[in-house]
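Shared between the two complexes below is chain A, which pairs with chain B and chain C, respectively.
Entry: the complex of A and B
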């Protein structure tokens, strides 16, 4: 299989390599396997949640409740364990609770037809509130080592959560690019009405996306609890914005229809190595925030510049005749790309 | 490729210009200090004290590579990540104020296991074995007792006083109140705590409960103690409005910046807290003594010499009073008697 990269992804790889070289010059500790592998522990939680988030944003939705969901499911797990449920069944039930919370988001969005930003803004507060209420304000400590290994253990030197993240990236990329439902997700973001007229059950796909987001958030919640050794209601506070930042930096368009799993992975890695490397280079946190924000705006601007050029190229040739295929209007019958996907160079 | 190179070059230049900071000294003792967050005058005061101690140690020929860095806002996750990153630099000691006592335990343990001396200051971690020493700014017993002492000095040993607290369930406030009661029964048997009101740490509520107290006990109340920085200025304001400025003793826990005007006018003669400059100063001396081996974890009867502060005792076990009953603190070094801010010294502080 030939790996074809989008312009955005090339920019991101350049950015990743460029900042990596720079940070290695600024700190002698940065470019060591131990440091880089350790940094992926933090990338994995963000990176996992960013996978369904990418798909949701491609479908022109958003899920702001992911971090609250992490806290809620971790709290559920912690309370069950405290009341005598063995830790792994408790973790499974915690993940079930998070999946249910995600399904609830999806149900209100797809069936009741409330905009995703409104629904998940509400559940951002609700899920965090429930977690705080359940906890009574104190964290739960003392989980067995077998569970803590999920957050602190390694396999052949690689953190366990990093392995889970890599598996998630592979599964997400295959799903999004090699399955019909994956292609429909781009379609929903690009032209939902057209997809509905084509007889595709858009609501079911949307419901599935938010449920998946709930499931993955809950899984990340378990990893978080295992890493910090505590189930607490203020877990992962503010993670939703880091996740969305990574997805947008990765080239996913907030207006829907565009984005790749590879881009998101690169976005997560860039943010992670900037935070890690700049801390090692003794750059104050406030300056780090400014730098990461600047990188985000700068990168997104380069995507826009390119998109404009592409438009000129597309408009220039004479318009082909319209073809009607099964209720769909196609401008180019030879176009085998999903709607909204950028045309790749041959 | 042209674009990528251009982009990388621009980034390189931008970063290099911005980062032409201090180089890393070789063989110097590396001491890192991570506050809860950097954007607060309180923590800036601890930094000032820490740097003062570093300068003194350098003057004595100790090479120190000191770094003060932390999250820009109070964020547990960012603090954990930063500490973990800093541990990779293998400092000799790291001084931490924990945003979350429980969540910071694993990263503190990890640092300690890597041979780094871990000192907490201002806010401890939940597990005392996760660090070597906690530099304690004032136990509940000491701070609560000091508030009662101020009332006794300014309103007499048989004063009748009331308390305006935060929330009825607030652990810190309830613990200070428990310590006040203990001090009263141990040292001032004629003194009387007549009422406790709760301002819920809201300015308006605190003001109105202070007014209620003044009206209810008009002429029969000698002092009001507010062990919360939200209520104390509001209690002072209520006393002024009732025309009782200077006639009723108002004291409590707050910061110089919040209380400056009332202290200068004389409505409040004494504000009790600790001195964060001294706290940061002591923390660095403790870190240094732990690195050199002058302080050994778990050994009873040790002391640390801390420059202008003199000698401080390191205690393996220290008993304190809390709202949930007695508590034994392990491996702590006390900053000392709580600090009193008065008209004479308040302008030296900005936090």
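Entry: the complex of A and C
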């Protein structure tokens, strides 16, 4: 029913296939199952966080605190585990902490009525700050293998986080297109006042969205910690912009009311394979940023041409932290890791 | 008659799929108020957009000040002295009156060149123009602090500052309260005596007889008639507009009022509502009269839970009810058709069907999942029952005319099966045909036992549709008039607090 803007999806699929072919020509390693599967490990983190982000942006909000929340929840988990809490209960408590952090965003936005961009810009700093304070400046290493499997394990050859992501996509798409609340989310983005005047509890939905964003960010934080083998306060720095870039590239309008989960998934895939493939092709990080920014503007302009809509918003190109890992630039010759993947147990 | 200021001949304008104007002639003389009437979609908007340079005609010619003219852009029309005052006031709320008066046309210093703005000269000229209108306006005040009437004054003054020869007023009384309408009319007469030509668009026919010299009726893109208002009548105009005779203007059927359905006792809210008490019975239409700001909408919002009252009691069918948000109101059987249809009533980009089901989507869902088949069935049912003219339930509500949009809002709330229906200005900006249909529907709903609270600034509507009229002034109910004793004069006396 709401899969109506097929044009957008077609542009995105074209972009995805086009960049895939181009990158395969530029690098021998890119188009190998091993690399692609590895790349989805990183894509899954971005992609999971992008799911609630899509819904929040459709509702005309934004959550800038997601990456800080990932670090905060991972640190919470790490510290609890270090003090003797078994790793899974520690992870559950870490996720609870992240969910609470998301709820707090939602509470201030919906009840105190502070604009989302202000609230989450503040908590972007606050949550990162708390994570840094808790960490005392050092990372926590040495998690048991059972936990690390969340970031490095596979089921039938498919990375575990990729499976979680796919499940999330399915659930998110069904929720957004088939449920009453999904419909309300679009309505809030278009005209919140009319929803209130229709007897819909807008505040509760908004609160739920930011809480869900906190929960999913925390989950992604666990996956991140398991993938890199470390809980550290600078984890996932800059992810929020990559996530938002992917969502906007996927056709979600920052003015609210428009967007799909399918589009977001394609947006995430395009951004992550570009980052991965361009790195493998030894394209300098600065050039990558310019390229991704250009793709974003170009894609969003085609949506405007086609849909005849005025609302086109372009945000600054992302500044992902991928290019520097542990003080080392990933485009180093001889780097044997895929982009997004970081050295375990550094 | 004198040489026309503006003359249009054979104007034709085609939009994809619609012939908006078909060979329309229209003339405006200096010092004339020429009313333009017609149902929504008749072509009034297209015609004024052609005069003001928004659209270009496909065929026909325009003469202005005695010479052929084209207006390729709105700016070009404005520069040549054609001003439009739209229904929705188009000012910059945070800027001062003075800044608004000159936006886009700042005066430069006389002697020096450069980008400097000569505020002193602008202020002096503005004061002159405002004074010549015989009104007072604080030039330094931010526009958002002004009343709707004052904001309109700013627009008129702005037109005069640009030496407008033609002023087009599109539904200028829409946002105004009754006393302000009188003031606007005397202002219009003053403009007329200065030789300004005024094109006056309104759905309220009594205004046309009060202020216009001539009237042109458009229907389906064609000019039906142009006549001096003295030579026509209200019924003749309506006949020309709709192409048929409307059976009855206010089809109020006598319904025997049943048991009390809504009892309101001493409702209070800050200074906006003071001890408001009344009873609404089943099958009864109670009118709520009052000036803008008298507390009518505040009362509606309090009953509907948008802005809950601080004190007082509400009983529904004799049972105490506490309404703290609109969702509760809906579940208790209170529905509210809001004043601002497009902002509060509809999600314009949503299809008609999704707007119709919006208030009851939960009831159409199982375990949170919308039953799309049932939803479509309900939507189609209301499209049929209310005769909503739309190509289908999947068309965005934005594409419908004002009257049909209003029927969508009404349908949305009837779907919730209310016991009490509060209608806030239900026919504002709606054309005569749709208006009559909404009135007939109100009558029918009352006949089926619904209690209706009708808020309206249009006194003939209140008098025509209500069994009783409550009049509010400054947050209080200052009087109650039975249908047989109510008159416009009595209502206005109570509403202005003179009594």
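Note that in this section the second predicted complex is superposed on the first by the 303 of 346 C-alpha atoms of A that agree within 3 Å, B and C clash if a C-alpha of one lies under 4 Å from a C-alpha of the other, contacts with A are read in each partner's own complex, and residues count from 1 in each chain.
Heads up, the rule we're going with is that a residue touches a chain if its C-beta (ideal position, glycine included) is under 8 Å from a C-beta of that chain, and two chains touch if they have at least 3 such contacts.
Since we're looking at a predicted model, the values are computed, not measured.
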| item | value |
| --- | --- |
| Three-chain arrangement built on chain A, chain B and chain C clash or fit | fit |
| Dominant toucher of chain A (residue count), chain B or chain C | B |
| Partner chain in contact with A:196 - chain B first, chain C second, else both or neither | second |
| First, second, both or neither for A:257, with chain B first and chain C second | second |
| Partner chain(s) touched by A:26 [first = chain B, second = chain C, both, neither] | first |
| First (chain B), second (chain C), both or neither touched by A:128 | neither |
| Contacts of A:187 with chain B and chain C, given as first, second, both or neither | second |
| Touched partner set for A:227, first chain B, second chain C, both or neither | first |
| Touching partner for A:179 - first (chain B), second (chain C), both, neither | second |
| Distance in angstrom between the closest Cα atoms of chain C and chain B, superposition on A | 24 |
| Contact residues common to both interfaces of chain A (with chain B and with chain C) | none |
| Parts of chain A lying in touch with chain B, wherever the complex brings them together | 10-11, 13-15, 17-19, 21-22, 26-27, 29, 32, 34-35, 38-39, 42, 139, 141, 148, 152, 227-230, 232, 234-239, 275-276, 279-287, 289, 291, 295, 298, 302 |
| Residues of chain B defined as touching chain A within the complex | 3-5, 7-8, 11-12, 15-16, 18-19, 21-22, 38-39, 67, 69-72, 75-78, 80-82, 84-86, 88-89, 100, 102-107, 126 |
| Parts of chain A lying in touch with chain C, wherever the complex brings them together | 1, 178-181, 183-184, 186-187, 190-191, 193-201, 257 |
| Contact set on chain C toward chain A in their complex | 306, 325-331, 336, 338, 343-350, 354, 358-359, 361-362, 364-365, 368-370, 372, 412, 416 |
